[in-house]
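Please go over the structures that come below.
The two complexes that follow have subunit A in common; it is paired with subunit B in the first and with subunit C in the second.
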Partner chain A sequence: MSSSASRPQVVKRSWLICLTLVVLSVLASLLIGAGDVSPGRSAQALWSGADSEARFIVMELRWPRTLLGAMVGMALGAAGVILQSATRNPLAEPGLLGVSAGASFAVVLAISLGSSAATLNLGVAVAGALAGCFLVLLVTQLRGIGSDPVRLILVGAAFTSMLMAISTLILLSDQRSADEMRFWVIGALAGRPTETAYSSAPGVLLGLLLMLPLIRPLAALALGERVATGLGHHPQLTRMSALVCVAILVGTATAAAGPIAFVGLIVPFVARRLVGPDIRRTLWLSLLIGPIIILFADTISRLVVKPYELPIGVVTAFIGAPILIAVVRGHRLPTL
Partner chain B sequence: MTALPTLPTRPVVSEAPAGYAWWRFGRYSILVHRRAWSSGFLLIAAMIIVSGISLASGAAGLSPWTALAAAIGQGEPMHVFLVQELRLQRLIAGLLTGAALGVAGCLLQTLARNRLATPGIIGIDDGATAFAVASIVAIPTTLAPSALALTGAATAAGLAFGLSGGAGARGYRFIVVGIAVGALFGALTNLMLARTDMDSANQAYPWTVGSLNARPAQAVWLLGIGLLAGLPVAKYLGRALTLMRFSDSVATGLGVPLKRMRVMTLLLTVFLTALAVAVVGPVGLIALAAPEVARYLVGHQGVPVFNAALAGATLMSLADWVGRTLMAPIEIPVGVIMAVIGGPYLLWILLRPSARRAP
Partner chain C sequence: MALATFNFPRTWLRAFMLFTSVVASVPSASWAQTAEARAVETAFGTVTVTGTPSRVVVLSENALDTALSAGVKPLGTVSTRGSTGVSRYVQDKVGTIAIVGTARETNLESVFKLQPDLILAAPDLPKAQYEKLSLLAPTIVPSTAVTDDWRKSVSLYAEALGRQEEIKASYQQLDQRIAALKARIAPGQVASVLRWNPQGPILMSSHLFAGQLLQQLGFKSPALAESLTQRPHSDILSLENLHQADGDWLFLATLNPEGEQALAQARNQPAFARLNAVKNNKVITVDGQLWSSGAGPLAAQKILDDVEKVVAH
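Right after this comes the complex of A and B.
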């Protein structure tokens, strides 16, 4: 990784590893579950329709869930990479900075005010994520805080805990829809309607498309604002559009699966370890790593507390918190 | 002593330094910081008023005077039962936990030279909660929550300090490591709650938000004893901590045994936090707000241990009262109230552009 001569090989090898892992994680997610259907039976059901019970479970329950997991993983992973390079902060993470909290709070508020349409939730979640993003932008503009990666996390944590508390207040006051809303506070891939995976696809696609023209400006921004300006980019404009992009991705992911923290931290961290800090490489790789993390975490969450399921955020927290510590402990925080 | 040669006579000081009062009792005299004492009395008055209101309000409304009288056993038997058996216990639990958390926050903030370094933010609360929940889920005895909460708090504090390489100069790094440690223990709590059947999960739910509704009487007793023992130690440590707010070399030069003081302060913080969390669950923001109120009132640069305790007790019982009455008959957990009020305040501390952040 350090020697530039072997970099193309390293990149190629990373891609191969990640592609293999994607296939493995999809298979694991399809074959392993909390119920009685054994992996072997599930595998058979994939090929033949003889065992109708197993086939129903695999094709009707696990397949949409796997697809949803892959969508959410792609969205959160890419959002993490973009947010980190837009804020030039290796700790930036949509969940930690309050973007996810903004999205889920907006949905809770909307539901308590009487809306219930699933399509509306998507728009509301994106709007909430956008509000969270602009708080981040506002904070990075403040003198002394923008340059301190660690303090930004604190602002996010404070913002998140406040929104969580207000959400709890709303849940307490409105027992009727509390069950419907609890999902928005915790986050899970389980029990989502089948069409969620398909309805969130346009949002993820839109976010990824908007991301394309931003890659080069963001790579230039990594060299510093002055260099980026000298190269003909507009740092402020780049940052704004990057945050809109993040808001769309995170809003869609949150509308689909609730707030899942730490994925946006794990994915860029792993991607940087594999192919170096260049966003032109990490961004594409993150589209693979995101689904891998989410799908494996989801599979683990089904296995740990059989026959119940664990909220997926618990699993990602167990992976992500040590990584957060590792990044903070790093001898010098790498500036992106 | 009499054999000593005559020393030059001490200058006779008849005036106390500005801001201090000089109390003499015959041969003994003490210097008293005027604002510290006056704000102490102010806080005690506030505490009594809040207690009266808190005792008086509830499903059966009493007048504050009836309630206070009932608290000392006067008045109708029905009222006496209501106040003494139900409300007074809850009030005492609130006052004690608030005081303990206030002192713990005050100590840790000074130790880390950062007002955001409170037990709640660096994960000590979460550690204590995780272990307390473990004890409820696994070994349902009455003393276990306090004992295990101590273990959990110590583990979390050890992790946060160990992994960040000490508080002090590392500044915010320490806090973010603490946040990560807290997230780990929070996930652990959720994991345990997910594993259990609904009944004990319901029993353990208050632990995840922080509520005075679930206080076990044994743990309150332990907290009371611990606070009684801990407050004098905290006051003693406060003197050294005042000097430790200078740089390490200056503090060493002034005769502070840095290492020992740091370890003792950390231990006391963990001790008080754990005992309080075993009663109330994670209500971290009290530890942030109470020392802040105390410092604002006292206005000098010391370590206001007693005032922080009083402010914490007042704030906790006030927040609990608000939670009980705001949406009655639904009860809002005190942790939620504190997060709603404390969150904007925390943001304000963080976002003030030219803030002096060291307490």
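Right after this comes the complex of A and C.
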């Protein structure tokens, strides 16, 4: 890595870049859409109510969606960083390891058992994500797999496809339309009720608060279990609480927007590239990069197939898959 | 001896030869009524059918509807989309009927077990399936597109069934009813048929069965529905473009029976709530099995029922 003297400058510059991009992505999300309201009309509608059509589209359709996207981006980005630190695996990603699929599966099960309350879905999704997290933990304890990042991902991929298959089966037998089904398999930001952004805020906030006391132990864990123990930390306890934290963040995000894959992979990858592997730096930066990725991906999803829209999960997969391959094919996997 | 032919039924001709050998092996009692043979033009060439078939298997909802309208009770059929049985609108008419597959895939063994003397299949039947089915019985596959006049395939099925008179009578009834109903509907109103889903709606092409009927009744359709000539319906429309699906009347089709629930869900979406049809309370929830998958004289009557209930005055 670069010399320690220039490090603060690099960090500062990264923050500036990310803050600028956050502003740009929010603007893009508010101004660009699949409809025939142009960016110019949308910009005017931001402060004048004269054009009621544009005003409606910007304030009632794009604004809640942007807010939800930012929330989901923060949750998934932070969850990705924490999960990678806890498993010490640069490929660990809630979407790839079955955490999102677990949350999604739990919600599908709850819906087919007759639940329709959004609030219940949130709790159920967190519980499902938690189950997915513990499976990850269990697998990392298996000899050989925990130390081999790629094998962990393979196990996760198998687990994810199994859960997705069961979810699809339940939805099929439930006589739901394919479109409704798609949401719980790929995820989307469009058409979520306006309250979703507000009702998922407490979950994201709780997850982020729980994260605070974990930062130092996770940073110590990066030095190896023995060193972490020597520094007075409890690696096992740290890992467990980190996974609970991940479960809350991913569960909330999935209940709100369905499973959006690869964001938890892209965000830590970019953050590491910018400020190095130290979690004390990447975690905070990930809170900005998450929304940037989600909001830009969502904006793209509106433009590709006008007048229709792609689910955002498709776009993130297109960005994420090459990154996954790049990380795996890199000369050496960064040790976390 | 005929084993090689069974393994390589490359052309319809060979299939036909096999069929004739099967027919020749039928006991002579039934031979008498199969005297007159007629050639039916299908997507896979000319198929010869004799007499009035009585053991009929129908592999599309359109064919099922046609058979029932013509007074034939098929032995087997495929399940409707999103269900394990037949569409609700024909449920009380089919009696006991075997389900031999889904719209996508036919279980050949189940068809074989029914010993059919005629198989009516959907226009998009894959060639590989056709080759196998045509070994069991003459198989009729119309060469029509989904956007063609729905009566084209119905008439073809009726011809194969040897019951053109019955179908002609049902056309006449329909024409009379449409003419009477049309007189009670103000002309030039725009009606759109869509399926709701939380990310946005799916607009049905106006060239499909339901759209054809609405057109005959004097309704117009939104430009977007009109432009869908190659596909049965649109993708999920962006909520920003919901107004493209707006009209004087909005038929909201749901595949499950909880239509009202889907409507309530749709009303929660502000972009839906501000549509003209919604504001004017002119949204009608209808059975998606009937409106988006059904086709045939019976389905037509049911759709006219739906329209008459609310639109005419």
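Throughout what follows, the second predicted complex is superposed on the first by the 328 of 336 C-alpha atoms of A that agree within 3 Å, B and C clash if a C-alpha of one lies under 4 Å from a C-alpha of the other, contacts with A are read in each partner's own complex, and residues count from 1 in each chain.
We take it that a contact is a pair of C-beta atoms (placed from the backbone, for glycine too) under 8 Å apart; a residue touches a chain by one contact, two chains touch by 3 or more.
Everything quoted here is computed from the prediction, not taken from an experiment.
**Q** Once subunit A from each complex is brought into register, does subunit C clash with subunit B or fit beside it?
**A** Subunit B and subunit C clash in the superposed model.
**Q** Now for A:Thr20: first (subunit B), second (subunit C), both, or neither, which partner does it touch?
**A** Touch status of A:Thr20: no partner.
**Q** Between subunit B and subunit C, whom does A:Val305 touch in the aligned arrangement: first, second, both, or neither?
**A** both
**Q** So in the superposed three-chain picture, is A:Phe56 touching just subunit B, just subunit C, both, or none of them (first/second/both/neither)?
**A** second
**Q** Does the superposition put A:Leu324 against subunit B (first), subunit C (second), both, or neither?
**A** first
**Q** Output check: A:Pro193 vs subunit B and subunit C. Expected answer is one of first, second, both, neither. What do you get?
**A** second
**Q** In the overlaid three-chain picture, which partner chain does A:Gln141 touch, first (subunit B) or second (subunit C), both, or neither?
**A** Touch partners of A:Gln141: none, neither subunit B nor subunit C.
**Q** More residues of subunit A are touched by which partner: subunit B or subunit C?
**A** More residues of subunit A are touched by B.
**Q** Please indicate which partner A:Ile153 is in contact with in the superposed arrangement: first for subunit B, second for subunit C, both, or neither.
**A** In the superposed model, A:Ile153 contacts subunit B only, not subunit C.
**Q** If both complexes are laid over each other on chain A, which piece of subunit B (37-45, 73-81 or 91-99) hits subunit C?
**A** The one stretch of subunit B in steric conflict with subunit C is 73-81.
**Q** Please identify the positions on subunit A that touch both subunit B and subunit C, taking each partner from its own complex.
**A** Touching subunit B in the first complex and subunit C in the second, residues 305, 308-309, 311 of subunit A appear in both lists.
**Q** Across the complex, what residues on subunit A touch subunit B?
**A** 91, 139, 142-145, 148, 150-151, 153-155, 157-159, 161-166, 168-169, 172-173, 261-262, 304-305, 308-311, 313-315, 317-318, 320-322, 324-325, 328-329
**Q** Applying the document's contact rule, which stretches of subunit B touch subunit A when the two form their complex?
**A** Those residues of subunit B that touch subunit A are 116, 121, 163-165, 171-173, 175-177, 179-181, 183-184, 186-187, 190-191, 194-195, 209, 327, 330, 332-333, 335-336, 339-340, 342-344, 346-347, 350-351, 353.
**Q** Please name which positions on subunit C make contact with subunit A in the complex.
**A** 82-83, 195, 197-200, 202, 224, 234-241, 244, 255-256, 268-271, 274
**Q** Note which residues of subunit A are touching subunit C in the complex, please.
**A** For subunit A paired with subunit C, touching residues are 33-37, 56-57, 60-61, 175-177, 179-180, 183, 188, 190-194, 302, 305-309, 311.
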